[in-house]
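Next up, some structures in structure tokens.
What follows is subunit A paired twice: with subunit B in the first complex and subunit C in the second.
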Partner chain A sequence: MATAPTSPETAASRWFPLVVLVLVVLVLAGAAEFAPTVVQRRITQGLINLVAVVGLYVFVGNSGVLSFGNVAFMAIGAYVSALLTMPAAAKGVFLPDLPAFLANAEWPALGGALAGGAAAALVGLVAGFPLMRLSGISASIATFAILVVTYVVLGNWTSITGGQNSLMGLPIYVGLWTAAGWAVVAIVVAFLHQESRSGLLLRASREDEVAAAASGVHMVSHRLAAFVVSAFLSGIAGVLLAHFLGAVRVETFYLDLTFLIIAMLVIGGMRSLTGAVAGAIVITLLTELMRQAEVGVTVGATTIAAPGGLGDAVLALLMLLIILFRPDGIAGGREVSRPFRPAIAMPENQHRKAQ
Partner chain B sequence: MELAAESVSVRFGGLVANDDISLSIASGEVLGLIGPNGAGKTTLVNILSGFQRPHSGAIRLAGTDMTHRKPGAFARAGIVRSFQAVRLFRRLTVSENIEVGLVGRGLSRGEARRQAFAMLSEFDLGHRAAQPASALSYGEERRVGLVRALALEPRFLLLDEPAAGLAAMEAEELKRAILSIRDNRGCGVLVIEHNMALVMSLCDRIHVLGGGKTIAAGRPEEIRRNPAVRTAYLGSTAA
Partner chain C sequence: MIGQAIQVLVDAVSVGGLYSLTALGIGLIFGVMRLINFAHAQLITIAGYALLVLLTPSAVLAVLGAVVAAVLLALLVERTAFRPLRGADPATLLIASFAVSFFIEKVTIMLVGSRPKGVDFLPALAGQVEIAGVRLQLLQLVTIVVSVVLLVTTTWFLKSTRLGLEMRAAAENFRMAEVLGIRANRVIATAFAISGLLAAAVACLFVAQTGLVQPRMGLQLVIIAFVGTVIGGLGSLPGAAIGGFLVGVATILLQALLPPDLRVFREAFLFVAVTVVLLFRPQGLIPARGLRERV
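Moving on to the complex of A and B:
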């Protein structure tokens, strides 16, 4: 039966997940306004992690290839922004051997952040060019190599990065609302990417590489595009973390953080943006609860506290349970959808009744 | 326009899967490709769609040499294939399965969504558009596979056992769909099929393979009468 070409999906329901996810971030940040400073800092850090998880999702979720390399892009973003925005005097102390153009640079915060993201994206483009041809576990191992190489280079390039020492004296400008603002930006970018033509074609290749090739999909270029966008957002997350802590240290951007970000994505569900956001928020709130449990409750003279390290153990256990019993994560591989869908176009309803 | 295999040969180790095979499909005709299991039918479709390079011989589309192009280039040139297993993008929606081909041809997401819905409705699948492809029944999967191929605006459509597992009535529907594709879109269609009744009534010409070689080629009635074909393939059932 030929029906009028009425789209069954309204524009409102297409944009619905984006609106909900942005609102969730804003509500969370708004609620944190009224929380004690310690909790507020945890939420801020959680929102920075959210940027990192969403950045990871852009590549992993759409391509189906797990990346261990995105924390390297965070490190690149952090160091580039640090070098461009630190006061020249501080750089004179920590990095006396810097080339003049870096030693004298005192960029504004936003310029430094964008440069950090752009540098990460550029490295993603160059490294991704040969690596995006790989698939499955070899691709994942190759991304792990990016992490290791970046770690070794940053840790030994003493004249530029200070090597294993911390770089201190970064402008501390990342508070609750800066982090929330960038979280919204990351969600919008990730949503627009997944709704784009390139995002759709990449997801098709994720589902079936051979059938996608038969449909004329050039997988490598769409993978590379996603990898570059992903590297940019991860770079931004690194910038935010650096200017939240006020210091950068190469050790920060290695296996612990990699594990945390991947755990957030896996637990939330790596095949939807909703999953990425849900994972970041749930794990942030959960680790904060565990931390408070580890601090304990003091009743009179006695303190009842959970054993130290409980947070990590719970995180590992949760990840195991999710992998075993709900491999598509909390979100189940779907985007959040409208609870009450409006009736779809008339010809469709008649068609259904006719069957 | 013509899609042609010219003296193609392929070996897998010691096995010669295609031995010096030549055939051609013209626009607006349905060519049947038949033969017993292991005759080299799917290998030939793989060669004609760029998934397998021949060790010798050439593939030409309207005279242009396609032999060393990749599958994506074949698809973009209008040579579209289906698979024995339908291979839908299972976790994408039915609509998105169709949109993949449409946006690949340069349509915007919005236009692609509208056109996908129109095409799905044409094949009685409009009500499935927003559901994941994994929720479809077998017969629906086969139809969505066909619509997905059509979304690429094929000039030549290569169908690998499209009626496998279909009930008689569904096979009849499929036959009508293929004939309407031939007549309304001017496609050249190549069909690998084991259902002889379907092949004989659907195809304009038939090409028979056996053991990697061409045994016979001709119109359905000629093939039905050909003693070599009867011995090699149709056997006692045709006698």
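Moving on to the complex of A and C:
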């Protein structure tokens, strides 16, 4: 039966990536503490993206099945938390038709966040049950159904969500350290999951579905477990985004955000947690640079600016180039490993590529 | 009452035809190289914009321009992005096509802006005709005819020509087909060209219906058609056509049969229904042969 590596020296090596990734997040947040407010806000947003990318990674990285549905979980988390934590007075203005138990609810921030994550996880469980039985590529496409259904329901269920209008007046409690704290939680959860028995068995089935099945691995249930954990973390990312912006809009949680989160994961490298974290950080920096370029540099009287939308085009092109020339992304499918020793490579699977 | 039912039915069949053509274009590419082609959306979009640009001289030129634009873009994408990835696993191909699709969309937005533009394409088709006392929209009848003609032609091509036979062989077992001397480049390029042609047809019909072009127009169609191909059975060409058709028909029937305050949720109902179907038939309605991985 597949179990965790057992040789004695691996104990320290095993936890090494987790320690490094958590430190990276803490150092980043600590450095941002001394930065101007604008930069601080960007880094906070980057950390929220990191939670979303790690959330997506828990399913995609371990199962090898791309999901287009995780932004829907973000939306569910955002709306659930918004409805539970908004001041009753604000709800009276925006959502006069709410049922009483929602209209009067004024939950504390943490309760709202956990409820948002839990609601997303529950939807993940219900939706994942039929979808995880599909073969990999069909499952990927079918996760689009989650995205579209959520988008349509949230965008039209006017009495509960306000429909196409923004919900405003959410308590804004997500600052740098809240985001950093949840980023650490997301990394720890993702790491514990991938080192757990279920996570390891799922990774085995990712490498070779037939061999794993022949060894008695019930892939579907491990996929479902990963999907639920992934939905929970994505839900939390949505909660953070909502309470960072102070408003939610259904339009936020659709194709563009889906693209951004997937691009981050692919560019970082979707086969390792290190890749997910690296992708989120690198692409946040890159999009910030592109944003500056679109604003332009003023030289004397003229402003030289890149055309609007260039940032997105560059990001898409970068993603394509990564797939063509470095398919395992920045991290190359490995976790960070202790220096001065041969890197512990993830088991490669060349024959599948060559078919 | 019966007249109304026939109107809804004709509407359903015409929308079904549109999705069927879209799904077939996607299914062809999946068949020959296991690629879910997101960029099919941009083939439709670019054909739409070709209509917009060339409509002023003449409608015929516009249709020709749409076909040429979509076919050229399809071949270009195949040559630059997908050929180097041939033989990569389907998950990698899926991500690649997602990236290609977004890249073209973002460049389109950079060039033409993201706002919808009005196109008065074939206004004559907006008229109605009366057949046996039932008033029908001419455009819907044209859509049905065009869909049937293209589906029949594509079927004929696949069944009765040498290239079509090679394509079906490639869809069933690409490696074996190559070993038996089928030229991969030619077969795949042809598949892309046909999918470009189908995309152009869809664009013409869709633009005539909505009177608008916008950078996201293709994506709306393609996402629903994707689900159609999954319902039909990924990798099976009749499956793609039938799945797309059923999804289109279901959209219109839901629109007609749901109580008014639930109509806005019709896509949600549709996709939930799709999920329920997949519970019972995870391989789709017409499971593809040769898709299961051999050990």
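Note that the second predicted complex is superposed on the first by the 332 of 355 C-alpha atoms of A that agree within 3 Å, B and C clash if a C-alpha of one lies under 4 Å from a C-alpha of the other, contacts with A are read in each partner's own complex, and residues count from 1 in each chain.
The definition used in the following text is that a residue touches a chain if its C-beta (ideal position, glycine included) is under 8 Å from a C-beta of that chain, and two chains touch if they have at least 3 such contacts.
Everything quoted here is computed from the prediction, not taken from an experiment.
Engineer: Contacts for A:Val27 in the overlay, against subunit B (first) and subunit C (second): which applies, first, second, both or neither?
Structural biologist: Neither subunit B nor subunit C is touched by A:Val27.
Engineer: Have a look at where A:Val210 lands relative to subunit B and subunit C in the superposition and call it first, second, both or neither.
Structural biologist: Both partners, subunit B and subunit C.
Engineer: In the superposed arrangement, which partner chain does A:Ser138 touch: subunit B (first), subunit C (second), both, or neither?
Structural biologist: second
Engineer: Once the structures are superposed on A, label A:Val93 by its partner contacts, choosing first (subunit B), second (subunit C), both or neither.
Structural biologist: A:Val93 sits against neither subunit B nor subunit C.
Engineer: Does the superposition put A:Arg271 against subunit B (first), subunit C (second), both, or neither?
Structural biologist: first
Engineer: Looking at the overlay, what does A:Leu110 touch: subunit B (first), subunit C (second), both, or neither?
Structural biologist: neither
Engineer: One more residue to check, A:Leu192. First (subunit B), second (subunit C), both or neither?
Structural biologist: Neither subunit B nor subunit C is touched by A:Leu192.
Engineer: Once the two complexes are aligned on chain A, which partner has more residues of subunit A within touching range, subunit B or subunit C?
Structural biologist: The partner with more contacted residues on subunit A is C.
Engineer: Subunit A residues touched by both subunit B and subunit C?
Structural biologist: Touching subunit B and subunit C on subunit A: residues 210, 352.
Engineer: If you look only at subunit A, which of its residues touch subunit B in the complex?
Structural biologist: Residues 1-3, 5-9, 195-197, 200-201, 203-204, 207-208, 210-218, 271, 333, 347-348, 351-352 of subunit A touch subunit B in their complex.
Engineer: Would you mind writing out the residues of subunit B in touch with subunit A in their complex?
Structural biologist: Residues 49, 51, 70-72, 75-76, 80-81, 83, 87-92, 95-97, 99-101, 103-105, 108-109, 113-115, 117-118, 121-122, 124, 126-127, 129-130, 148, 152.
Engineer: Would you mind writing out the residues of subunit C in touch with subunit A in their complex?
Structural biologist: 34, 36, 81, 84-85, 87-92, 94-96, 98-100, 102-103, 106-107, 109-110, 175, 219, 223, 226-227, 229-230, 234, 264-265, 267-268, 271-272, 274-276, 278-279, 282-284, 291, 293, 295
Engineer: Would you tell me which residues of subunit A are touching subunit C in their complex?
Structural biologist: 64-66, 127, 130-131, 133-138, 140-142, 144-145, 148-149, 152-153, 156-157, 209-210, 255, 259, 262-263, 266, 307-310, 312-313, 316-317, 319-320, 323-324, 327, 352-355
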